[in-house]
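Before I ask anything, here is the structure I am working with.
Residue numbering begins at 1 within each chain, and the chains themselves are lettered A, B, C and D in the order written.
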Amino acid sequence: MKALVYHGAGKKSWEEKPKPILLEPTDAVVKILKTTICGTDLHIMKGDLPEVVDGRIIGHEGVGIIDEVGSAVTNFKKGDHVIISCVTSCGKCDYCKRAMYSHCEKGGWILGYKIDGTQAEYVRIPYADNSLYPIPEGADEEALVMLSDILPTGFECGVLNGKVKPGDTIAIVGAGPVGMAALLTAQFYTPAEIIVIDLDDNRLAVAKTFGATHTINSTDGKAVEKVMALTNNKGVDVAIEAVGMKPTFEMCEEIVNPGGHIANIGVHGKSVTLHLETLWSKNITITTRLVDTVTTPMLFKTVLSKKIEPKKLITHRFKLDQIMEAYETFRNAAKEKALKVILTN
Amino acid sequence: MKALVYHGAGKKSWEEKPKPILLEPTDAVVKILKTTICGTDLHIMKGDLPEVVDGRIIGHEGVGIIDEVGSAVTNFKKGDHVIISCVTSCGKCDYCKRAMYSHCEKGGWILGYKIDGTQAEYVRIPYADNSLYPIPEGADEEALVMLSDILPTGFECGVLNGKVKPGDTIAIVGAGPVGMAALLTAQFYTPAEIIVIDLDDNRLAVAKTFGATHTINSTDGKAVEKVMALTNNKGVDVAIEAVGMKPTFEMCEEIVNPGGHIANIGVHGKSVTLHLETLWSKNITITTRLVDTVTTPMLFKTVLSKKIEPKKLITHRFKLDQIMEAYETFRNAAKEKALKVILTN
Amino acid sequence: MKALVYHGAGKKSWEEKPKPILLEPTDAVVKILKTTICGTDLHIMKGDLPEVVDGRIIGHEGVGIIDEVGSAVTNFKKGDHVIISCVTSCGKCDYCKRAMYSHCEKGGWILGYKIDGTQAEYVRIPYADNSLYPIPEGADEEALVMLSDILPTGFECGVLNGKVKPGDTIAIVGAGPVGMAALLTAQFYTPAEIIVIDLDDNRLAVAKTFGATHTINSTDGKAVEKVMALTNNKGVDVAIEAVGMKPTFEMCEEIVNPGGHIANIGVHGKSVTLHLETLWSKNITITTRLVDTVTTPMLFKTVLSKKIEPKKLITHRFKLDQIMEAYETFRNAAKEKALKVILTN
Amino acid sequence: MKALVYHGAGKKSWEEKPKPILLEPTDAVVKILKTTICGTDLHIMKGDLPEVVDGRIIGHEGVGIIDEVGSAVTNFKKGDHVIISCVTSCGKCDYCKRAMYSHCEKGGWILGYKIDGTQAEYVRIPYADNSLYPIPEGADEEALVMLSDILPTGFECGVLNGKVKPGDTIAIVGAGPVGMAALLTAQFYTPAEIIVIDLDDNRLAVAKTFGATHTINSTDGKAVEKVMALTNNKGVDVAIEAVGMKPTFEMCEEIVNPGGHIANIGVHGKSVTLHLETLWSKNITITTRLVDTVTTPMLFKTVLSKKIEPKKLITHRFKLDQIMEAYETFRNAAKEKALKVILTN
């Protein structure tokens, strides 16, 4: 089969690889129908995650058809359409029992990272019963690719951890795909005001069409002042960090109000400064989280009932064998006005 | 009347001051029966809180007898014995309605800080109905002084915010009075293991008698290793910071396990480093809080029913007019083996 | 002034009464701008609440202008526009501190019940600081009348107690004004399916326009079967009872799924049968609640930000002195297709 | 092997049966070390659960040694000591993912009910990885038999569902084994007062030694009055029903205070009367639950750290082949002063 293979920092190719086979009775092999590229994949390609070995097939999102199942798989059979979760869950370790699949002792995020991933014609999925979700006939599979990673990430790490409530004033710092996913899913809880902050006017314009009530271009370094002005100097109830940088996290520290929440989604490569000299008495809560994908069934219901349209996040479409081109588009996301690119096999 | 008065950094005296009078219909004047000295009072005396003016009567803890009430006070009458809460609550601003008395728009922590306090023969208490608690006849009033500040501080900021659960492994960093209050109240939730960390062997020995299952003297810089060894390298479910320094907070970052909580109680004068480069994916929660004293009624019931013995925290007793001596004892707490000193009028 | 006065079962009149005066320093007198009639008022008029005395002015909803305030009132001054909450809260008893204003030791629901109410030109409001809410300039005051009682009732007793979540399937049994308020506010949490059940086709048609995804006319006695058919025989996650009768409550028992919630809003005059022989093992939760109006500030923000349009509930408008006619209309709600009637002074 | 076999209402025998074998790759066969008899087993023996077929081996509690595991079992190997949970959990259906193992689509309570159980020398355990818990070397296995069913039942259905909090006043109605388990585990949350109500003076005396602060013999029909007298006429914060009868449940309705919880543990054969005519406005919560055993790991930690001594519940000990005699003792529990009987293989 063909697959997108990492060959060290800066090197990748669309090349022939052996079709995966079942290794454990709990495995399934899935034929990919649609997949996508994640910001994390770009980091891998740059060599930022040195634990990814030369020869690894990349990708942790997608929908597909079950090609084969191991003897212990009971929830699925050949021919079933499935969503592939970016997080693999064994369903039987302490973490899985506590709904922290991200820290599954045998799984977690391994797909396209520690084992071969979904940017390929076929993929082996360990613990298939707990790591795949059935797609009912007639569902829009493009939309459901967003359930592999980006929607649960924005929702769990940003919205749920931030405890967004009806009537809240919230800020989302970063209007990339994951910030947009937080923006879409925050509206499940009907906040009164949603302020989106980014450096890119195009993304801010898109954020407005996705439900932002206010947008701030932070290029001028005055985002904090502007948030305070918008909130009668009170700050926001929830600040969602969707960038992963020191200045954006520290902006959240400045705009959160007493009793408020800072929900970190960003993947941080460096430490930040926590201003406890002012925050110690502000009754705030800061959370971090690697997506657990425990809300996939809940999100699934909101998509099927059309309470959310994750397809809005898709800006570009390619054939799977055009993936090298798709990477170029996604790598130049700002210039290309790209959020999510869909690859169809 | 006599009162302990602040006269600028390093200067205080036990001197004659006018007896306070009612200023608002919601005020009460309380005759002090017992009061105590808080670590914060030492900070004031050093000049660390420049907003405290020359001439201010210090102190925010105590029990007393109602001497006089304003026309709008309905919960109390002359002669009632009361606990004085360190936090003043108007009961009618947005924050009070949300049970965040610490941020009350007209109150919060003002006693012995922005208005005259309790280290005196009499004190004026604003919003008496919401800021005092009735003491039933026969209750042990010495024990109840601990409900003014230290018990709710340890409980709300440390135990409740840390979400201590039955079976948990928790660490308390800092075995001063507030760490000890967290130690006592954490046991309301029956954690399996309580590790207390401090630099002072005497305090650690006391912590053992208060319910610590393990103690670690961190003088050798190996506390993190020792916690990891005690927890099979898993870390703790809850890390309670009860010091207010950069190294102790950062120790909490190192010992908290995935899914765990860091509950800050410490008053920090400087920022700390938040290691998001490792914590971003650990599903942790960090909280800060200025005590709200919303749990005073709950704590009251646990004291009256003898589920907790806050009197254990009292190490020294003085007459109120010996307060200068009491300050000396408390200032040399380690040497004097002091936790809380009680002053009786 | 003129007022609507109860004179025993079946007897009421619009008559001259003395303008109310301040009795306590915490009182305010409010000039009524708009008021409405509640289903409970009809019960009073029928004599179902014998504790209501002859001569009582009825009504517990409305918006108005502050005419006069007592010496201890600090949140309001003459001329302020305010929402009158149906529940009076002293802000300083145990229940108020626990956010259970409905059980306030000196307040609770007393307006137009134990003290004179809002269907008059003026009304005295005890504990004004805690029982009134300020209206900002330019707000739509008709819409805000719905915040006195009906919206918080539907929201707190039905939606919050029922713990409606994104993706849920919920049923609302009863499409009268309070059921409709539950329908509108349930959508704050984005349930996937909302099934509304009633005997009246007109109300069901209105429910559809308010966001019901399915409606069932239960006249044929087959509502349970129909709900089970709509839910793949699983039942609903949340069943909200908004009628107050034995058959409707017992319908909720039949349609709730394992792990689900029954949230009672209805005012029941008689006991019901609880089928513990089947429910004991179904992991369900049943709640009851008299509205606390603690969510008024939250609801206020959703109205001001246009996340909800409570005005939709208003079907008829009268002058205040046409109140006898308004009662007739409301008493024949089904025939008149009435939900809420607004009376303007 | 030998096993206790049900042969229709009133008929059982200790007889030879084939040793169980693995049927699925997720199965384990466990050699029983210790087992016990549950009140439910007595119901089965009386014929109250007609779905139990002639020939069924009874019993759903016990500890044992792994004798054999299927190819998909990864958490256990031959020779491991394990606790057998009364509830079988597949770990991969919707209910298991929501931590409602009681409603597992392929499991739930099936042991000694729909499949052969633990009152035998060997037992087959489906979904072994999710339905067994490892016992560390040196642990007291007698104590751990209480984790199969009775401790999680009292804790989850009574204490957790009842939301027992520090300082609460709670009542436990019924001092049989499960009421006693609620009594022991309620103390994890440090209630101020625990009132235990039963008809049997011996059990009440035992309850006192287990931590009850007050006991009431309800034989005289005056239990409600006595509870109200003990609580200043306020009623209790939490009423735990541990009997399963109409009068005991209705007693809970009478003694619960506004804002309080009724947590049903009892297995009810008949409906009860729910007095909504008084309860509709009392802001109460009623819960039902079939034990999920999701708290087994938490309870395990409290047992290993000696925060609870479940062994106290054991009153009688037999060899496994004396099981017919053990049934007689347990059937006459009041006369024999029996709580739990332990059978050792």
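Throughout what follows, a contact is a pair of C-beta atoms (placed from the backbone, for glycine too) under 8 Å apart; a residue touches a chain by one contact, two chains touch by 3 or more.
Just so it is clear, the structure is predicted and the values come from calculations on it, not from any experiment.
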C-D or B-D - the one linked by more C-beta pairs in contact: C-D
Listed chain pair A-C, C-D or B-C that repeats interface A-B [over half of contact pairs the same by residue number]: C-D
Centre-of-Cα separation between chain C and chain B, whole angstrom: 42
Chain centre separation (chain C, chain D; CA means) in Å: 42
Shared-contact residues (touching 2 or more other chains) in chain A: 297
Contact footprint of chain A on chain C as seen in their complex: 165-168, 187-190, 192-193, 213, 297-302, 304-305, 307-308
Touch list for chain A against partner chain B, complex: 95, 98, 100, 102-103, 244, 249, 258-259, 264, 266-277, 279-290, 292
Contacting residues of chain C [partner chain B, same complex]: 25-26, 71-72, 74-75, 91-92, 94, 96-97, 99, 106, 129-130, 294, 297
